[in-house]
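Here the chain labels run A, B, C and D in written order, and each chain numbers its own residues starting at 1.
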Amino acid sequence: MNQTNAVAQEVPYIPSLFDRTRTQTTKLVAPLLPEDMMLQSMEDASPAKWHLAHTTWFFEEFILKPFLPGYASPDDRFAFLFNSYYVTAGPRHARDRRGLVSRPDNADVRAYREHVDGAMAELIALERDNTPEILDLIELGCHHEMQHQELLVTDLLHGLSFNPLLPVYREPEPMPVTTEVPLTWSRHDGGVIEIGHDGNGFAYDCEGPRHKVYVYPFAIADRPVTNRDWITFMDAGGYSDPRHWLMEGFAVATKEGWTHPLYWWQQDDEWWTFTLRGSQPVALDAPVVHVSYYEADAFARWAGARLPTEAEHEHAFAHHPIRGNFLNDGTMRPMPGSGVWGDVWEWTASPFTPYPGFKAPEGTLGEYNGKFMVNQMVMRGGSCATAQEQMRSSYRTFFYPHQRWQMMGLRLAKNT
Amino acid sequence: MNQTNAVAQEVPYIPSLFDRTRTQTTKLVAPLLPEDMMLQSMEDASPAKWHLAHTTWFFEEFILKPFLPGYASPDDRFAFLFNSYYVTAGPRHARDRRGLVSRPDNADVRAYREHVDGAMAELIALERDNTPEILDLIELGCHHEMQHQELLVTDLLHGLSFNPLLPVYREPEPMPVTTEVPLTWSRHDGGVIEIGHDGNGFAYDCEGPRHKVYVYPFAIADRPVTNRDWITFMDAGGYSDPRHWLMEGFAVATKEGWTHPLYWWQQDDEWWTFTLRGSQPVALDAPVVHVSYYEADAFARWAGARLPTEAEHEHAFAHHPIRGNFLNDGTMRPMPGSGVWGDVWEWTASPFTPYPGFKAPEGTLGEYNGKFMVNQMVMRGGSCATAQEQMRSSYRTFFYPHQRWQMMGLRLAKNT
Amino acid sequence: MNQTNAVAQEVPYIPSLFDRTRTQTTKLVAPLLPEDMMLQSMEDASPAKWHLAHTTWFFEEFILKPFLPGYASPDDRFAFLFNSYYVTAGPRHARDRRGLVSRPDNADVRAYREHVDGAMAELIALERDNTPEILDLIELGCHHEMQHQELLVTDLLHGLSFNPLLPVYREPEPMPVTTEVPLTWSRHDGGVIEIGHDGNGFAYDCEGPRHKVYVYPFAIADRPVTNRDWITFMDAGGYSDPRHWLMEGFAVATKEGWTHPLYWWQQDDEWWTFTLRGSQPVALDAPVVHVSYYEADAFARWAGARLPTEAEHEHAFAHHPIRGNFLNDGTMRPMPGSGVWGDVWEWTASPFTPYPGFKAPEGTLGEYNGKFMVNQMVMRGGSCATAQEQMRSSYRTFFYPHQRWQMMGLRLAKNT
Amino acid sequence: MNQTNAVAQEVPYIPSLFDRTRTQTTKLVAPLLPEDMMLQSMEDASPAKWHLAHTTWFFEEFILKPFLPGYASPDDRFAFLFNSYYVTAGPRHARDRRGLVSRPDNADVRAYREHVDGAMAELIALERDNTPEILDLIELGCHHEMQHQELLVTDLLHGLSFNPLLPVYREPEPMPVTTEVPLTWSRHDGGVIEIGHDGNGFAYDCEGPRHKVYVYPFAIADRPVTNRDWITFMDAGGYSDPRHWLMEGFAVATKEGWTHPLYWWQQDDEWWTFTLRGSQPVALDAPVVHVSYYEADAFARWAGARLPTEAEHEHAFAHHPIRGNFLNDGTMRPMPGSGVWGDVWEWTASPFTPYPGFKAPEGTLGEYNGKFMVNQMVMRGGSCATAQEQMRSSYRTFFYPHQRWQMMGLRLAKNT
C-alpha cells in the first residue's frame, strides 16, 4: 500500500481518480448478466459481483468507518462477506464459496456501491478535513480497485471458458494481419544499479525501498515471445522433453496434460483460442499469453536463453514511457506488435521476496503484500487487462508458478 | 420408466397432468432471483436453472424430436448442455460444471420451456396420432419432472445453506406447538407376500415386476423417528460410540465431523436448523430430517431396533391411502404429527437391487434406473418435497448411504 | 463367529485343527525374506508379518487372557499394534501404517507366535477345564487364521506386483495345455427354499440364521467365466462401452484406466499375467481372476446374462461336495477345468446384508462381520487361496465392488 | 556437481575419500535390521536400502560403465530401480514405491555394493589412466553419497517415528545439563561483497560462479534459535496468531494441525521429542530442529527480526573454520552450545535460484541441481546429520518451505 504521501497539490487529482476508477469498474460489468456475475470457476478466481462488492468494502472499511463521522453500512454482514484476506479486519467468508452467495444479488451490490460512493463523495467534499492519510487511503483504494478490475476480467474469462457455448464478453473483432517481427536484443552494462520505487507518487509497499543491486551485463529482448515462437516450441516437442523443464514444472505439465497454452485448441490444423472477444484463430505475432512460469522457463531454456530477473527488467525499461495496450484500450487481448508495456505480464526469474529494508506497514494494510512473499514469482510489464494508470516501472505483480489464467507471457534475456 | 400402458380412457388425464406439472415447476422457481438459479453447491446438486432446462430437454429429446414432424430445437447445443446421464442420447456436459453455465441465462431457459411447451401442446392437440407410446412418454416426462421438482428444492436448500446470510426461500411460518407422540408399533405376520408394481397405472421400471418375497413376522413403528428422539440419541453420545455404527459409517462421521443432522447448529442451548422457510428452532415432534443412512442405521441399533426392509415397508403400508405432507402442501419442511406418507423419506435396510425378473427397457430410457443399482439404499414414503401425484406404495427412491441433503429420515422396525 | 457349539465328541478335533492351521501359516511364509514380510502396498492389504502377529494376537486376546490363569503377553504393546478393527478390544494402530512397523521384526513375531502356541498348548492340555465356549473360540481362532492365510497370499501378490522385477513366490510351473470347455447350464425350480447355516458345525455369525427365501426359476452356469471368455469381451470393446456398465462402475473403470483384469499386460500380441508362481501367459481355459464386481456385472450384461444371487448360488450348489482347487493344493492360481468350488470366488448380485433374524453376538466378537454390512457384495465358492477346511456352502465372503486383488471371478446365471 | 578440477596432486586424496565415504555409509546401516531398511514413510523419504543401492548405482552409471573397460553390472535392471531422477539416464522406478521393493534384498544390495567397490578399486588402481575427469567424477560420487548419508539417517528417523514403539537407532545418551546462552549479535557492513565458490576444490555447480552481490548493513545472531526460545514462542501463542505468518504458511500449519516442531509431544507438562537416540525430554539450550520454513519465518517475525539471506549468511561466516557437531561426531541430534557450523541447517530468506552466470553442465549430471530451482528455500550451515567433509561456506542445500523432516532450524538476522 501507499508508502508515499499524496501531497497537498494532488488534492484535485484524488477525487477525479476515484470517479474514474469507480466508473471504469461499472463499465466493465455493463455487458454482464446477473448470471455471469455469479461465476466462480476455481478458488483462485472470484465472481464479478464479489469484486464489485469487495472493492466497495475496502473504501468502507478503511476510510468511511474510521473517518466519516456517523457512517453506517447498509448491512453489517457485508464486512464478513466481502473481506478478502485481512485477518486483522475480522473473520471472512471462505474464498472458495464466493460463487455460492446469490444474495445480496446484483442489484443489492450495485446499491451498496452507490451507498458507499455517496458517502465517499460526502467525505471528499469535506476538503479541509482530508488529511494526507485519508487522501493516501483513497488513492490506495483506487489502485486496489484497478487491481481487481484486472482480476475481474481474467476471472470472467476463466469462468466463461467452462461454458461449452463459449460466450462472448465483448463483440469479436478480427486481429490485424501481421508479419513476423524478428527478435532483436538490447544490451545493458552491469554494475551497482538501483531499483525500486523512490517514494514520489503512489506505489505499493513491496515496491520499495529503492535499493542498490549488483547486476551483471545482460541483453534483453525487444519484444515478448509471440505465439509464432510458441508454436515452434510446441512443434519441436517442447512440452514433452523433460530436459527443458524444471522437475516440478514437468510434473505439473504431465499431470495436467498441458500441451499448449490455456484456452487453446486445434481445429482443422489451426490453433484457436478463447478470448474475451470470443473464439479466434491464434494471432501468430501477438505475444503468447496464458502460459505458466513453468512453461515460460522451459521455453527460455529451450531457446538457449533465460528469463530476466526483475532487477534487469526494471533497469532495462525504467525510462521507457508507460505506453502500450492496456485495459483502457479495450482490446481485451494481447495484440501484435507489442513493445515493452502492456499486452502481457512477463514472468521474471525472480521469486517475490522483500526488498532490503522492506517492512510491512503497521495495521491491517500491512497484510496487503507482505504475507504473500513465498513461492510466488514476480511478473513485470502490465497487460491488456491492466489499467494504464496503475502501472509504474517499479510495479511488481506476483503469481504462483503453475498459474495461467492471468494475461501471462514472457520476454527472453541472456548473459553477454 | 413406464412399463405400463396409459390406456385409452386416460387420454384426457395426460394433457392435464402435463399442464399441472409444468406449471408447478414454474411456481417453484417464482421466488428465485437469476442469481439463485445459478447455485451449484456440490456435484450431487444442480442449479435450479439446469433443472428447468433438463426437464424441458427430456420432452424435446424423447417426444418432440422423434414424434413431432418438423420440430426444431431453439438451440441444438442444448442437447449437450442439458442431457443428464443418458450416454446413448449422446455426450453431455460435465455434471460438476452445471453451475458455470451463465448463458443460456434465466430468460433463455424460460423461452426454451415456452418453446417446448408450445410444441408439446401442438403434439397433444393431434389427438388421433397420439399412440399409447407417446402418451406413456408424456406421462413419464411428467413424473420425471416431478422428481426434479424435489431435487430442485432440496438442491436449492443446500445451495442457500452456504450463504452466511441464510436467505429465506419462502416466508417463515412458526411451527405448531406440539407434545410428544409416544412410539407405537404395528405387527405383521410373515410368509410369502407380494410386492412391486402390478402394472396398472404409471410406475418406473424398477418398481416391477410384482413378485413374491418371503418375510418373517415383524413390527413397524407407527411414526417416523422425531427430532426429540434424535436429540436423545445425541445426548446419549450416539455420534461418538462406534459400537452403534457400521464401520464405514463411523469413519465417514468422524472424517466429516458429524455430531448432528445436516443444517443444525446450537445457539443458546437450543438446536436450530436451516430450512426453506429460514432458520428455525428444531421442532421436537417433527420427523428428523437430513440424516444419512449411516446415522439412521446407528440410531436404530442404539434404539434396540433396526430399519425395515423395503419389502416390509411396502407390505405394511400398501393399503394406507397416500395422504400426508407433500410438496403441494407447501410446508417445505417436515411437520409434527407425521404418519406414513410424506414429510420425510425413510431409509430402509435394503440396497437398491433389481427385482427378480427385472429387465431394463431397450433404448435410452433403459438407463433411467438400472444403471444405478449398486451401493445405494432404498428409501420409502415420500417427503414434504415430493409431489403427491408422484407417490405410490411401490415407489422406490435410492441414495448413497452418506448422503444427507434430501429430506431423509427413518422409521424403526423390529423382529417379533 | 461361532454361533454353534463344538460338541463334546469334537474335542480331539480342535487341538488337531489348531496345529494344522498354525503350521500351515508358517509354511506359507517359509519362502519369504524379512523384507518381503514388510510389504504393504495399499491400505486394504497388510504385511505378511502383520498377519502372522494379528492371528496370534487373536488367540491371546480372546482365549489366553480371559481363560489361561497367569498368562502374560511377551509385550503388552502388541495389543495395540496387532488389533485389527475391534474397537471394543481397545485402540489400535492405523491400518495404513502397518508397513511402517519394522520392529518387532520377523524374529520377534515368530517368537511371539511360539510364546502363544506354547500357552495355547498348555491351555488345551487342561482338557477337563475346556468348556465348549473355549473350544468354540479356538475353532473360531483357527477359521480366523485361515481367512488371514488367504489375505496373506493375496496381499503378498499385490505387494510383489509393484516390484518391477516381478519376483516369484513359488517356483513357476507351466499351465496344462487345454481346450475350450463349452458353457452349459443347470436349471433350478423356484419357490420357497432355505439357505443359511443350520447350526451344525462351525460357521460365522453372518451365515445364519437358516431362513426361507423365495426364488424364481433360474439357470446357473456349470463353470466359471474363463480367460478365453474374458478376452472375447475385451476384444468386443466391452471395457469401453458404457451400455454394459453400472454408471458408477464405468466411472471407476475410466478413472483407473481399466482395460483388462488386474495384473495383466500385453506382450508380443499375447496376454500375460503376474501370479504367485511368476509371470505367465494367460491360461485361456482357467477361470478369469482379479476382476472387480463392476467388471463382472458388465461382463454378465454384455453376455446377455446376469450374476446369480447368493441364494441361487447356495441353493444350486449346497449338495455338491466341497472339492476343488484350494490353498492346500498349492497351485496358487486358478487352474483350467474348474467346477464349483475353489479356484476363484464368484461375485454374486447380492449386497452383503444381514439375514432375517441376524443378531451380532454380544461383546467384541460381535464386531466380526456385522459392522461391514453396507456397500459390499457377497462372493461365493472359495478360491485357490482359500483353505479347503474353511469352506461350507453357506460361506459368505464380501468385498467392495471396486476391489480386484482377491482371487475374484464370476459365474453366469439367467432367468428361465 | 563438480565444476572444478581435482588437480594432479589430489590423486592420493580421492582413493582415500572413496574408502572413507563408502565405509561410513556401511557403518551407518550397521545397527539396522533388514526390516528397518525397507521403511519408506512418505514420498520424500527413501528406504535405507535404496540409499545404499542408489549411491552405488551412481558410481556404476557415471564412472564404471563409461570408463572401466569390460565392466558388467550384476543386474541390468538395477539401473531402472536405482536411478533417482536423472531422466537423461533412462526411465526409473516410481519414487513413492521404493519401499515396495523387497527384492533385491539387503544381502543382494550389499553384494551389489561390493561388486561396484571392487570394480572401483580396479579402476582407481589404473592410476595412469585416471584423467582429471574421472577423479572429479569419483569425488562427486563421494559427495553425492555423503548427501545420501544425511538423507538416510533423517529418512530413517521419519520412518521409525511411525512405529508406536518408537524404536531406538543408536543407544540413548542423556543430554548435558545446560544454562541459557544469551542471544548476541554480530554486525556487518554492507556494500558490494562476493559470495559463491571460487573454483578451488570441490563444489556443486549451483555454488558458483563466485559473484558480486550488494548487501546492506546487517546483524546476525551468534547462535541458532534454541528450544527454549521456541517454547517461549509457543507459549506466547505464536502458532495460532496469523499476524506472524505468511498466509500460505498459516494455511499449512492450520491444515496440518501444527502446534510444535515435528516429533514433539507433551507428557506431564514437559516437552519430549523423538530422536535417533530414542525419546528424550527436549533439551532447552539445544538448537530447535524439525521446523519448516513457514515456522522459522513466523518465529523471526514474532521475534522482531528476520531470517538472513544466503548472501548475508555466507558473508558472515565465510571465514569461520568448519568445526561443529557433524555426522562424524555421532551425536545424531543437535547439541546445546551450538555455534556456526553443524547441529542444524539454518533456513535463509533466499529462494533457491541460479547465481548470475550459472549454467548447468552438459549431460546427465547437469540435472543434479539446476532442475530444482523453483519454490525451494536455501539453508546454510550443515547439521548433525551432515558429513563434515561435505561442508563449505558456499554450500547451499534447499528444501520446500513446508518440509520439516531434515535437521532444520534457524538463526536470526536484522537490519542495522
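The rule is short, and it goes like this: contacts are C-beta pairs under 8 Å (C-beta built on N, C-alpha and C of every residue); 3 or more make two chains touch, one makes a residue touch a chain.
In UniProt terms, the chains line up like this: A, B, C, D = Ergothioneine biosynthesis protein EgtB.
Keep in mind the model is a prediction, meaning the values are calculated, not measured.
Visitor: Let me spell it out: compute each chain's centre from its C-alpha atoms, then which one is farthest from chain A's centre?
Guide: It is C.
Visitor: In whole angstrom, what separates the CA-based centres of chain C and chain D?
Guide: Distance between chain centres, rounded to whole Å: 46 Å.
Visitor: Report, in whole Å, the distance between the mean C-alpha point of chain A and the mean C-alpha point of chain D.
Guide: Comparing mean C-alpha positions, chain D is 38 Å from chain A.
Visitor: Hey, what residues on chain A touch two or more of the other chains?
Guide: Answer for chain A, listing residues that touch two or more other chains: there are none.
Visitor: All pairs of touching chains?
Guide: A-B, A-D, B-C, C-D
Visitor: Across the complex, what residues on chain C touch chain B?
Guide: Touching chain B from chain C are residues 85, 87-88, 192, 211-216, 242-243, 245-249, 293-294, 297, 349-351, 353-354, 356-357, 371-375, 401, 415.
Visitor: Would you pull the chain B residues touching chain A in the complex into a rising list?
Guide: 33-39, 41, 49, 77, 80-81, 93, 97, 99-106, 159-160, 162-165, 167
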